[in-house]
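Following this line, the structures themselves.
Next come two complexes, and both contain chain A; in the first it sits with chain B, in the second with chain C.
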Partner chain A sequence: MKKNRNVGIVGVGQSAFSSHREDVNQPELINEAVNEALEHAGITLNDVDCVVHGNMELFEMVHQPDMWHTLGTGAYGKETIRVTTGGTTGATLVCVADNLVASGMHDVVMAIGFEKLQEGNTTAGITNMSDPLWGRRLQTGALTGVFAQKAIDKYGEEKAKKAAMKYRIIMDKHAMKNPKAHRRLGLEFDEMDTLAENSPTLVGDLKMIHMCSQSDGACVVIFASEEKAKEICKQPAWIKDHITVHREEAYCAFGDAPHTTTHEYAAQKLFKRNGITSPVDELDVFEMYDPSCWWGIDWISEFMMISSDEAMKLIEDDEIMIGGKIPFNPSGGVIASNPIGATAMVRVAEAALQIMGDAGEHQVPGEVNQALASGFGGVMWTVLLLLTKEAPVWNE
Partner chain B sequence: MDSNNDSFVVDGKLALPYQYFAGRTGSRFIIAIRDEKKIKGLECKKCNKVYVPPRATCEHCFCDIKDNWVDLDSTGTVTGFTVVRYEEPHHPVKAPFIQALVKLEGADTPFVHIVQGVPVDEMKTGLKVKAVFAEETTTTIMDISHFEPA
Partner chain C sequence: MARRVAICAVSQTKFVRNNTTQRFQEMELDVLESLREQVDIGFADEGGIGMSINVSNDVFDARTISDAPMTDVLGAHMGCEEKVDQDGAQAIIYGASAIMSGHCDAVLIIGHCRESQGQSRNMCTNLTFDPFFTRPVGLDYCSAAGFQAQAYLSKSGITEEQLAKIVVKSRENASKNPYTPEAPRVTVEDVMSSPMLCDPIRELHAYPVSDGAVGMILAAEDLAVKLTDTPVFFNGHGNNMDSFYLGDRDLTSNFALKGAAERAYKRAGITDPKTAFDIVEISDQYAYQYPMWLEGLGICDEGKAGELIDSDNANGPAINASGGMLAGNPLNLGGFVRAAEGAMQLMGKAGDRQVKGAKTALAHGVVGPAGQFHTVVILGSD
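Right, the complex of A and B next:
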């Protein structure tokens, strides 16, 4: 693994995330994030060479949204690429922007992730990812109860449900510190049992309270070559490495054959080639794409390469909270805000803000030297990105 | 050539209802037509351009123009047109009818609407037209009923 030249994140912008943004049309929503990112980077549109744009296919029933959105993106007269890879779109946008700058093709690239979930029929769109002959009738979109069952089988009902709700409330406590977050509910740990009991069931043991929101929002991240980044930014967040792993959906659907998940595979390979042997100790923050708290508690062990019991202990001991050993989602994560085409990019944007020291009230205490961000999408698709405070040095 | 009788074709159907949030800027344009029988545009003073339909940012200099409303004349010029000659249930009027790009006096951009009162084979680019407002409003662009020769 070697890069042609280093790439730094120099600007981040996010619209306010909300369940309903009737006050703005799609380009106007995007424009909020574009303006914030340009201001954060201290540059103007004239400095941007290329725009990379993405969201979920079919979600707003708008074809070629990158064309519709030009008035908001500022892409007029610039090279523009549209990328759409489902839930991972935002993370893939980052990979593409990184590649465009690292290759030497462009010096400054602006990536835009967008979604207005309230305008469309998202589950209808998502279920079309399945093969019409073999899988369509099994496909429920993002509402998956199997991860709750998996955790209950593994830990016993009481322990599993407690961990899921603890994780859920930690995410809300983080979201309360993030003014951009969509759902900021002010939950308290002693409400754990009643909250779960009173929440409507979605599928099996997956309840509404466990699940991510459906949000409207846009995220913009600006990338610059090392030379340019150092010129315009006091502390860029450097993109050291990223990896994309995906697999077909129907693998082992009803079987118990052991398999490596895309998260495990991505983590093992990324950490190995970056000399990371103990992620919990070596990473300073992790923005994880967690569509529900059941997925959240399951994936800690997969990404951190630790046992399930060790992962449980991290939750129980508040080590995934801001101030803990490895804070997860200081932003509140996907459970708090989920404008899907932007969501995976928000993970990277928030990890970058932590390194830049610009996360505001949800800034984690202490130095952030290495930050991890993940994207997740259908059906099993992982993008994992490693960001650093020091510009990477590449050995020949 | 071999027959394909041994190959399935799987029938499917997608139902994808959706909404589009017009936003405050787009909404204000329609509301002015509905309530005041007035067509408004947004002006970029820097670029000296007036946009109809309105857009919150200037497409040339990208600055925020969403508060620079100007009233426009309801007369304009046809800059291009097509004739719709087939029937569809969702058409607003019976075919054949003319869909034209109309650039209003004082505007720099044209927008699409229906032109009536001209025989289809006499329709020409450059025709001067004026807006006829709908008697019954629907809070859509059809609150302008159509354009007719001025």
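Right, the complex of A and C next:
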């Protein structure tokens, strides 16, 4: 692949994330993030050529919400596009913006991911995703206790539960450094056992404390062509590559046969075409879409192309913490804040902030030359984005 | 300079009032199979289809992530699939950008909708309105169009008889279009005496409820010329958003459409839209929109659309040779089918409705209440 021209992230904005943003309506919530992103990029709305918008209609029950949201997005008189792909939406919107700028169609594109989950029933909205004839009665929304059970089967009960809670507390420690995060609980490692015991059960071994939040929030990322980005931003975060891997919706197609997950498949392909052989050593930070700590502990090995034991060791040795070998989710991740249509974009936005050196208190120490961000959604779908500090060079 | 993009294959299902024999997936599968018969292309990161785009809508499908059941039909199992949740004409622009950016070499786009599935499409479009002020009073796309029709008819002087002529002409054209089998021919009297839907919009002034699917394959120029003898080039595009509250807008100004057209013409290097096109396909969801959108596009001068209707536009481009949306397409596929029809004309594959020697086409799509958002796509045989 040879990119027509480079695309850099030049501005990031996020609303404050919370379970109940009753102080603002949907366009107002979006507007908070829009203003912050414009300010971060040092540009005005007049400089934006195109607005990219996405969220899930059935969470808030608003049809074509980009129409009403125009009041807050600033899309009036501008070109726009609306793309949605479930939980991956935010990451997909980044791919859309990248294509729109790289193609030469637009010089400056503003992408907006949004959700105000308090205005609907999130679990009902996700359950509604299943086929009405075959799957809907079996669906528990995103509350997938089966993955807790799988991790227990794989690692043994004690080890798995300990790793899950350690991961959970690390994420909370990160969230405590991020003033935008929704859930900042001040958890300590010595509370590990009591926390899990006292937390209400959702499904099987999946407890409330393990699960991601339901949040209200918006995220905005501004993209510019190389020429423009260098003009307005002293350190853009460049989009080196992205890959989207979806799969068909019937999970049972493979029976119990082992198969490559979309995470593994996407990571292998992306790393191969970008010459990355040892992700843990070569990447400086990873913002991973982790809907629960059970998924979090299991996906480290899938994305990092390492064995489960090596992944467990990364958790045990604090290597996924800020200051570790490969910090995961310095922002606190999805377990801390989850406005679904924005969530995957927050991953990219946070990875970009780390490269730009603008992550504030949760900035990882040392140089961030290469950052990875993932989106997760749909029926186990993955979007992976690779960001770099240096503008990519393309050979014929 | 980015590489050029061309449409290599186009396919659509018949659009019918209530397709009781197929699910969404099966309608799209019919389209996919027809596309694969037309061009010899597989799924691959390089030299093949590297991205699939679905056009569908969660509310109309009553399913969160309405593209989730489409992944396998779109050939995207363990591949790239995305959903454009607007008029499908937008998906053409996005698909072209993915090729122009260098991200992939070919893109498959298939859209579907079953308007018959919802109890009422007004119930669906009522949900576009904000839950505080405009939703509780019962606004939907039809009533918003009613306001716009009132304002436009009083400004333009278009008569009830002229509106009827538009519908008569649409049905006449549709009688030659095998994909609109349920749009019988009507007379001016039929239209003028049809029940009032939302004053001044009559039942026959409104686009019919229909189910169907449509798709196309886009490819980079060097690949496209190997796949087909009749590539249709994507030569320009533009879209534009108006404000939301109807009271904040001048409903007769054509603000969004004029902006969209201006951008598209600039990108395509078009200076005189009156003479630039052989084919014009517009999304006329309601009869009053036919003259209004034509004025907005600059196909005729403002205030002159009545004359164009009366003269049947004898010297101008063929307008809605397919029958247009008045002969039936679902809301989110209007502009997509228009572009597909434009491409079929330029490929010389439009059958009985073929316009001889057609070389350039304009396709138009619209989203939102009273034309809040418009898309214009310009196609050419070179």
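In this section, the second predicted complex is superposed on the first by the 393 of 396 C-alpha atoms of A that agree within 3 Å, B and C clash if a C-alpha of one lies under 4 Å from a C-alpha of the other, contacts with A are read in each partner's own complex, and residues count from 1 in each chain.
Criterion: a residue touches a chain if its C-beta (ideal position, glycine included) is under 8 Å from a C-beta of that chain, and two chains touch if they have at least 3 such contacts.
Please read all numbers here as calculations on a predicted model, not as lab measurements.
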Partner chain(s) touched by A:76 [first = chain B, second = chain C, both, neither]: both
Chain B versus chain C as contact partner of A:61, first or second or both or neither: both
Touched partner set for A:85, first chain B, second chain C, both or neither: second
A:264 touches, of chain B and chain C: first, second, both or neither? neither
Touched partner set for A:31, first chain B, second chain C, both or neither: first
Touching partner for A:121 - first (chain B), second (chain C), both, neither: first
Residues of chain A touched, compared between chain B and chain C (which is higher): C
Contact residues of chain A, present in both the chain B and the chain C interface: 25-26, 58, 61-62, 70-71, 76, 125, 128, 132
Contacting residues of chain A [partner chain B, same complex]: 21-28, 31, 45, 58, 60-62, 70-72, 74, 76, 116, 118-121, 124-125, 128, 132-133, 136
Interface residues, chain B side, partner chain A - complex: 8, 10, 12, 14-26, 55-57, 59-60, 62
Chain A residues touching chain C - in the complex, by the definition given at the top: 1-4, 25-26, 51, 54, 56-59, 61-68, 70-71, 75-86, 92, 95-96, 98-105, 125-126, 128-129, 131-132, 243-249, 260, 262, 265, 377-379
Contact set on chain C toward chain A in their complex: 1-3, 45-46, 51, 57-59, 62-65, 67-69, 71-72, 76-86, 90, 93-94, 96-103, 124-132, 237-245, 255, 259, 263, 367-369, 372-373
